[in-house]
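Input: structures, listed below.
After this come two complexes, each holding chain A, first together with chain B and then together with chain C.
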Partner chain A sequence: MTQLLVFNITNGLIIGAFYVLMAIGLSLILNLSNVINFAHGGFLVVGGYIAYTLEPYLGFWGALIASPFLTAIIGLAVESFLISRVYSRDPLYSLLLTFGLAFILEDGTRSIWGANGKPFTVPAFLSQPLSNEFFFITGYRLFMVAVVTIAVALLFILLRFTRAGIRIRAGTLDLETVSAVGINVRALRSLNFAVGIFLAGLSGVLAGGQLGLEPTMGAGLLMPSFVAIIVGGVGSLAGTLVGGLLIGVASGVTAVFFPAASEAVIYVLMAVVLLVRPRGLFGEEGMLT
Partner chain B sequence: MSEVVIRTPVPRRTILKAGLAIGAMQVASPFVVKSLADEPIKIGMIDPFTGVYAGVAQNELIGAKFAVEQVNAKGGVLGRQIELLVEDSANDVGTGVQKARKLIERDGVQFLIGDVNSGIALAIAQVSHEKKVLHVVSGGHTDGITGKDCHWNVYRVCNTTKMEANSVAELLFNKYGKKWHFITPDYAFGHTLQEAAEADLKKYGGAITGNELTPLGTTDFSAYLIKARAANPDVLLVLPQGLDMVNCLKQIAQFGIDKQIHVAGLQQELESLEAMPPEARVGIWMFEWYWKQPGVPGVEKFVADIRARSGGKVPTARTWFGYTSVMTYALIANREKTLDAVKLARALGDFELPDDVKLQPNKCYYRKGDHQLMTSAFVGQALTKPAGDPEDLFQVDSIVPGDKTSPPENETGCTLQWPA
Partner chain C sequence: MKEPPKQGIDRRLIALAAIWAALLLAPAWMPLIGGYTALGTRVLVLGLAAMSLNFLLGFTGVLSFGHAAWFGLGAYGCGLILKYVALSTPLGVLAGTLLGGVMGGLLGALIVRRRGVYFAMVTIAFGQVFYYVAFQWSSLTGGDDGLRPFYRQPLHLGFANVDILNNATSFYYFVLFCFALAVAAMAFILRSPFGRTMVAIRENERRARFLGIPIEFHIWIAFTLSCFFVAYAGTLYALVNNFADPRGLHYSQSGDFVMMAVMGGMRSFWGPLLGAVVFVVLQDYVSSITINWQIYIGIMFVVVVLFFPRGILGAIRRRVAA
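Showing the complex of A and B:
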């Protein structure tokens, strides 16, 4: 039993790492643009399908790099033509817009690539367990954790040490002042949105190697990511990181004892956090108002 | 150049009078009444064209459309053309029921087909029953449809979960061993499928080591797989369908579990196998229909015809379900020379499908007592490497007739109540 528990905690951390990647992209966009991006799952699927299409030409590694960039370009176009128009309005508008976009992206992928799932293959040496005892730790899962670690580390470096990153962080805290000192907030938001969608595209490629590639796959991955943000605290990227890992472990451990609740447990966790500490674990007070 | 538009006002009364006159003409004049023979016979089809079952639903539609095309080319039904009206249930019971009502009440369909989702199929069967419309369930497998919830007007083309379990259980027991562990989707279809397989296993003297109930839409199966492997069974039965099955088998292959435990299942579909990478295509399964049947009359032509209409893709069991559903209606209505639902429903009891529709070696007929089609189970193995054609991903070892896999009529729990 102890072994089962240890296995599932480790496994939960691996799954949690994936949620982190998706949730951080969502969180970036939410923090600076005040947009709850319901279409994030849709962009994830687009990223996965682009990688599937490119794989025969560029190989897995080429697709892994090219696909997130292409997804980010699509994201940038969507932001400039659609989302930027509702920034000045009530957040409800952007919520409805991205909600509709989610459907458009899902049906778009369905009409381009077909409703039936597609097989996305990862290099053979990655899709093997590393040891017989710890069979659930495969090369691919470790690779996923490594990619997430690198992506998150790069993002934190970008936000801390580059001019654009510092502006994004400043904008998250006080957009009016940032605008008042002459920074082009419009461009800053576009850049920030593109980075968020880049992470969604990257999540899509990684998910494609692990799960079946199918137009509806994004929907199931989106909700846990929202929960990760709320548990970690809106406005805090570090919080999102911890939130993602926490719900991965909670879901993994519950599956051992009470599988039927393995999905519900993340919402219970969210409810408890909201009751005890409404701003989330790392959230700053007043960020939600 | 400017244009001068002169508007002559038409008095309101004139318009009213004209409207009244046109209205009266429709009622009074015999000349404008269209002859009934010119009106097409409408067939309604409800399937989940969006959502997780969109792929299989799309294939049912391809089959149904092909049948309509064939029937119309041969003179239609009772000399009238047939027309297929298609509605999306969006994999939602409420939407499905609403669409069924729309098709019957507003469009006046004579015949209803659908749904892939068992829950929706059961719900729309209630509607078709209430409205006395002949209905063929094309792709919902849960036993109740031709069991305890059966209706006089409802027939079913695809197998029941019990038929699926019975077709594979004995083979798995003899070939792989007597300790079984289940991964079961946590809803009606999964429960009845698992119960049927467990009952078979106990009958042969085997035992289960566990049953992992996984919520519909589970993406990560690792927690369940860790538990299943710890239980050390002889066989791991994978019962989820569609994307869930693809995810589960993909992870089983990555964990290398298929190299330690025999991985198998009951229902498997070409749509799912095609969505998997080669290493995940393992185990013994049953198909409900398979496109490669050398020497069986009509199959090769059917495959070629469908390929010509689906961008080169071969028909799957789902394509055949859609095709057979429409053909059933056309054949029986033409034989009975009527569109009366009660008469047709009575005539379908014991109706045997002809060679060019059944497309399988065994006898294929609707059973009188529960309205279930006695169709074959294609038992065999999933192929890691395609055998020649890239879509040949399954090796059929035996084709078991429906009356061998189905429990007898009196054990299905179905009592048909015919209208007075």
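Showing the complex of A and C:
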């Protein structure tokens, strides 16, 4: 029992770390541009499949690095040509637009790479279990957590210490003032979007190594990311971080006692948070309400 | 009810008469242009769902992106009654409507605390709960395979029995009758002082608040009414298919409803029905010629958002006004 519980909590943390990577990208875009990016899961899938295509040429490590960049470039093009046109409109339109884009990305992936799953091989030393007693901690899972940690830490450092990062944070708080002091908000939003999509692409590569690739994998990962953002509080990246880990652990622990509810439990958690603290755990009052 | 006054009452009455004539005569004219009655029934049901969503979106200005949940709950409620409890179509419709409406009202009380994008996100996420429940609880709901078998039952009207199961035309008129009831109720509510308040909230929430209107309460009532209407449409959908599908609860179904409302014209009462006509016919056509039909639906979303944000009726009105 104890081992099972430890297994599931660890597992939950690992899954949670993965949700964090995806949710933080979504959160970045939501905070600055007020766009719920429904196509985030679609970009995740694209990232995974690009890595799958590149792996024979660049190897696992090359694909891991190159794929998120290429995904971000696609994201940048989509943002410049399509999404940027609806920034000034009611959020309804960006929702519908990215919703349509999600269809296009998912079905596009299907028509290019086929509907059947594809394996994405990871280096042999990563797929070994690390110990006999804790058989479930494979090297790859630890590796995923390490990559997520590095990516998130880098993101926070960039947001804190670089000029663009500081502008993004300022824009999250008050875009009008940021624009009024002469900063190109249009370019800032593009950069921010690209960073978010970079993280989606990275999530895609990591998920591909763990679960294999399927055109529908992104859609299933989108909802937990939404919940992570709502639980953590819209407007707070730290909140998204905590929210992601929390729902990962919650669904891990529920898997021990009541496996059928392990997917639904995160929504119960969300309901409780909304009831007790409508702004979310780390949300600021008045933020995007 | 919100037309500019210069258009006059006559034009509106003519339009209304034309709509009802087209709906009443559909089984006669649809085969002439290559349609079939069952497609008409589907359009009517999905159109009612889109109009129910638009009751909230277009008239209160609140975007719910999770209405498929209440729609699907209606369908499951109706199906469960017909499968396990009693072979009665009206009872199924009643039970499904209550199930979806009451659940929507309960969760709505939590949801109305938020506004804007946040409201949309919370409605999406809550909507997914029911998808997972229907998916996982397979002993009751049939899980991924959907709830079956159940069949809509003939109606006993006292003076006559109407076989809505085997006769597609009778079933169409049954659905049209149910549709008319709901549409009349919606129109009545929108003309009432409550309906005017909804529009006031849409136009300027802050000013409405200054007038002493309890905003959250009004939005909650509008949301709950909208959930009842969409659940009612969901029960009809279960009757259309003789089947309830977990995908009917999924957020992508909600997206389709929002699309129908926007494509038709969300600032008009009948717009969503027009949107449903275009959407359902297009989907029916495209999915019959290619397996990658989702791409085309996606492209349609992009095109409507970028080029026809006011929808078909909105574009026509603009042209008429200009």
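General remarks:
Everything below uses one rule, namely that the second predicted complex is superposed on the first by the 289 of 289 C-alpha atoms of A that agree within 3 Å, B and C clash if a C-alpha of one lies under 4 Å from a C-alpha of the other, contacts with A are read in each partner's own complex, and residues count from 1 in each chain.
Here is the rule we go by: contacts are C-beta pairs under 8 Å (C-beta built on N, C-alpha and C of every residue); 3 or more make two chains touch, one makes a residue touch a chain.
Quick caveat: nothing in here was measured; it's all calculated off a predicted structure.
Touch criterion met: A:E263 reaches chain B and chain C at once. When both complexes are overlaid on chain A, the residue A:I183 reaches neither chain B nor chain C. Looking at the shared chain after the overlay, A:F7 reaches chain B, while chain C stays out of its contact range.
In the overlay built on the shared chain, the residue A:L96 is in contact with chain C alone; chain B does not reach it. After overlaying the two complexes on the shared chain, residue contacts for A:E214 are found with chain B alone; chain C is out of touch. Legend: residue contacts after superposition of the two complexes on their common chain; A:R110 is shown touching both chain B and chain C.
In the superposed model, A:A255 lies in contact with chain B only, and not with chain C. In the superposed model, A:T138 lies in contact with chain B only, and not with chain C. Overlaid on A, the two complexes show chain B and chain C touching the same residues of chain A, namely 106-107, 110, 260, 263.
Within the complex formed with chain C, the chain A residues making contact are 30, 34-36, 38, 82, 85-86, 89, 91-93, 95-97, 99-104, 106-108, 110-111, 223, 226-227, 229-230, 234, 260-261, 263-264, 267-268, 270-271, 274-275, 278, 288-289. Touching chain A in their complex are the following residues of chain C: 57, 63, 65, 107, 110-111, 113-118, 120-122, 124-126, 128-129, 132-133, 136-137, 251-252, 255, 258-259, 262, 292, 294-295, 297-302, 304-306, 309. The residues of chain A lying in touch with chain B in their complex are 3-4, 7-8, 11-12, 15, 106-107, 110, 114-121, 127-129, 135-136, 138, 140-141, 210-217, 220-221, 251-252, 255-256, 259-260, 262-263. Interface of chain B with chain A (complex): residues 49-52, 54-55, 57-58, 186, 212-215, 217-220, 222-227, 229-230, 243, 246-247, 250-251, 253-257, 271-272, 274-279.
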